[in-house]
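The first chain written gets the first letter, and so on, giving A, B and C; residue counts start at 1 in each chain.
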Amino acid sequence: MLSLNAEELQDLKQTLKTRVPGHGLPRPFYHRELLYQAELEFIWRGGWLFAGHSCQIPNPGDYFLYEVDDDSMIIVRQDDGTVRAFYNVCRHRGSLICEAGEGSVKRFICPYHQWTYDRAGRLILFRGMQAGIDKSQLGLQAVHTRELEGLIFISLAQEPRDFDAAAEAIASMVRPQGLKHASHPQYIRANFDQYNADDTIDRIAEELAEVTARSATKWAAQGLAITVNHTGLAEFPDPDRNIWYAADRTPLLDGYVSETMDGQQIAPLMGAYTDPDVGTLRVRTLPNLWNHSSCDHSVTTRITPNGLHHTNIRMIWLVDAKAREGTDYQLDKMLPFWLLTSEQDWEICVRQQRGVNSHAYLPGPLSTYKEYNLDRFLRWYLKEMSEALG
Amino acid sequence: MLSLNAEELQDLKQTLKTRVPGHGLPRPFYHRELLYQAELEFIWRGGWLFAGHSCQIPNPGDYFLYEVDDDSMIIVRQDDGTVRAFYNVCRHRGSLICEAGEGSVKRFICPYHQWTYDRAGRLILFRGMQAGIDKSQLGLQAVHTRELEGLIFISLAQEPRDFDAAAEAIASMVRPQGLKHASHPQYIRANFDQYNADDTIDRIAEELAEVTARSATKWAAQGLAITVNHTGLAEFPDPDRNIWYAADRTPLLDGYVSETMDGQQIAPLMGAYTDPDVGTLRVRTLPNLWNHSSCDHSVTTRITPNGLHHTNIRMIWLVDAKAREGTDYQLDKMLPFWLLTSEQDWEICVRQQRGVNSHAYLPGPLSTYKEYNLDRFLRWYLKEMSEALG
Amino acid sequence: MLSLNAEELQDLKQTLKTRVPGHGLPRPFYHRELLYQAELEFIWRGGWLFAGHSCQIPNPGDYFLYEVDDDSMIIVRQDDGTVRAFYNVCRHRGSLICEAGEGSVKRFICPYHQWTYDRAGRLILFRGMQAGIDKSQLGLQAVHTRELEGLIFISLAQEPRDFDAAAEAIASMVRPQGLKHASHPQYIRANFDQYNADDTIDRIAEELAEVTARSATKWAAQGLAITVNHTGLAEFPDPDRNIWYAADRTPLLDGYVSETMDGQQIAPLMGAYTDPDVGTLRVRTLPNLWNHSSCDHSVTTRITPNGLHHTNIRMIWLVDAKAREGTDYQLDKMLPFWLLTSEQDWEICVRQQRGVNSHAYLPGPLSTYKEYNLDRFLRWYLKEMSEALG
């Protein structure tokens, strides 16, 4: 949908080459509307996006909306239990069909002239239209969808890229967590400018590796894969092998069994877990998902562009489907750990965006100890963009 | 004032050709700043705009402002009783002269350096200016004006298009309503994104036609023209004959004598009417006026662009000049009918704008039963634009 | 930093030629983003900007921020008592370093990864970075700075233009006022669209000249230069001689010894003054400073662009450093005179901006009696821009 003239194409290609290896991105990457439009086209409408959790729409007709920049999509549970997604745009006059962010419907009825679509997106009623118009050509425009162990992904591309390798890598890691059967007690949402998170302390990464070694045998007995067997963070993504997804299990510090303020378990064990000592499971997919799961709860962050200088964030906390708020867990024990961390990250991002706004901003060197994943991300991003521009 | 380079001109011409006959407008029509600027130039500064009602400025020196995008115009009653209009911009430093949206003045005095203009826009005082500057060349810039049976129209074009045919078509229809001698008890104003209203129910249109037949003789006796003698809505506009104006009288449903919630008359008869059974009078002029008049009150809607994604709406309710609020009529009986209808329409428009924002929006087929006037409007709009672009 | 293609360059040059001599600026000067960007580059990042007063940062480590459009600068007192300025942008990831608008620091520590700079802008600490990165190349980017009798100027240009002639013209005039040793009790800030102030009444200018003649001998005895010895306002700037600075002393009206509401002295004498009868000292530098000083207090106005249609204004009131609020002076006696005047000017400016927004705006003739300094400013501005564009 993005149409570039020769000058714009040349300009974009040139800009992509201005990054000095091992350094941050030059200023135009943070400012240029044209580049933002190209990112929407190639990264956001080209890749697989995490949209939400299966447990948000357990029953046929349950739906939620996901909005990416100017596009609104309906993600809806089908009568056969699968999930499908459609553009939230009437095929008659283009009106938005659903306004509520989530709900449950029998049919989708456009409020303008009552064109009516079934849950599978088929146009089933359009009163007052003349003969000779083929209803079957006027269904809601479908969006590619994959449901993976409780995670719902969509692709806005005409021909979506391969998902199977990602599915294979993620599914077995996530299965024991039982996200498929989780429930979501609460979520928060926030807007801010540009997000980056790449900072950890080496000492802790080393400690984690030691504990990992200790846990390996025990976890193997429970069927839990251990994926990090060296010091430092798992490297991610892998631009050379086109890997935009990762699922890793890492031990927690001694004394911690959950990512809570005091490290104690605060909700019933999730999924297939039989022992709280399962470390932490991290799932990441580019461009917009990370999830941190402990034995007893799981926290998802979804980021979405909303204009050149705005990003929407949605965080979702999940617990086992059988857990009851107030009895089995308290929100005030569960939320603070990742909420406080996230809020601090958001402040950092806003401050960084304000800094790179300066015409004097110069990208600095990245730490090869601490920022190698940022470097990987930038290389992945530049490669994706360059290939898309041809 | 709009200067287009060759590329932009070509681009606009190309865009105008992208509409599929019988369908809505493609996405760029709702989004492109360049197209919006061209609409401002050719439609809004090229045609005749309804500015307001004569009864808003009954006496010499009475004025109101009308703002179209970035232009502010003063519409002012002259000493000889005619109406004139001027740009609200001082010829010295360009300051806005009038800030209050309506009022009464002896002279127009710019608040910056007190350059003073009479009601006819002539510069009569500019203290502190050197000799040799010709005051007569520095009057307020005039805008073409026509006052028609209580309706004031302006044209921002250098050479305004023909108004006489419209005047002829509208004058005799509107005269009996007495808008010239009306008073306006109240108005409301609202901002929203894009307005369309084209939906009626066939069954009602048919009923109207039946009642029409019945009323014809009676009305003719009172000198009231009847213009709709077939089922369905009056067709409007007529792009082939360049007709951008319409005035029609239609019967109301049995039991209704006024467009009020219960159909009862709620104010004294207006103008020359002697019987409440006068049906409803509808006046429309493109691009910005529609008026619905009953025997006892009249409701005007004026729409005006205010940036690419904003439209200003002003509604004005009129009653006979002799009617007194509280005694002869109650606002709470008069306002709801068209206010509620309008508010519902505005919600529809906002929702449609949000939908067509999606890059996935595809224009759908229009109903030949219900949306033929929208089709006519789109054809009129495309023809106007194409001709203006040459 | 501004990169213009051939078409844009031609367009800008053409626009600069559209002003009719002796008239205001045509509409594009108030509207075009490209022209605004060129002004930022050539006027704001090309010249010397008044940033603030020495008394705002009396001690080593004291700093304040100055923000010009998207650039944030730290102005900081050095250990040796001089003033330096740096871009407020970390050399690592580009984060803003200081958020508080003013404060006192030992070191500048970026809140993102704790890169640490000393007060002289040198990078002294960057934990977690690999060997082989040269800290000495990663200091804060310096901005040229000059401190002149209590006034701090900065230049964002690589090669700043000459400052010495301005320093010479201003220093001796300002020295007796003692701004160097002033204190600032209060400031206000406001945002608005475009500022101009050029209006005075001839009669008053003539009276001033008479009093000037009377005061000359007395002032000479106190070592106070008198610079205005003719009727009318001092002419400023001088585009032909590239003079963008001025410092003038003018008598006040009979009965006035200070620019207060009743003309009475309301604070202790400032600086080297021994007699309240010192008239008024006015210092102006383009593009962003004017200062009005009386015997007992001094008022500075600093204007700064903040986007195409926004201007930031900061006003600062200064008194002698030894003066104590509540005992030696009352704010309610000191603030109103220039605060009310300024607020009225701001209203004028907003109104003028709204007027010139109209596509019908035509620049009018300027008064050769009252607006010659505006004409000089416009000629200076056009010459600066033309020369910069080559």
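The definition used in the following text is that contacts are C-beta pairs under 8 Å (C-beta built on N, C-alpha and C of every residue); 3 or more make two chains touch, one makes a residue touch a chain.
All of these numbers come straight from a predicted model, not from anything done at the bench.
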Worksheet item: Going by the contact rule set out at the top, which chains touch both chain A and chain B?
Response: C
Worksheet item: When chain A touches chain C, do the two copies use mostly the same residue numbers, with over half shared, or different ones?
Response: different
Item to complete: Find the geometric centre of each of chain A and chain C from their Cα atoms only, then give the gap between the two centres in Å, rounded to an integer.
Response: 48
Response to the item:
Where chain C touches two or more other chains at once, the residues are none
Discussion item. Under the stated contact criterion, what part of chain A meets chain C in this complex?
Written reply: 24, 196, 199, 202, 348, 351-352, 354-365, 367-370
Fill in: Residue ranges of chain A touching chain B (in the complex, touch as defined)
1, 45, 70-72, 87-97, 99, 111-113, 128-130, 133, 138, 141, 156
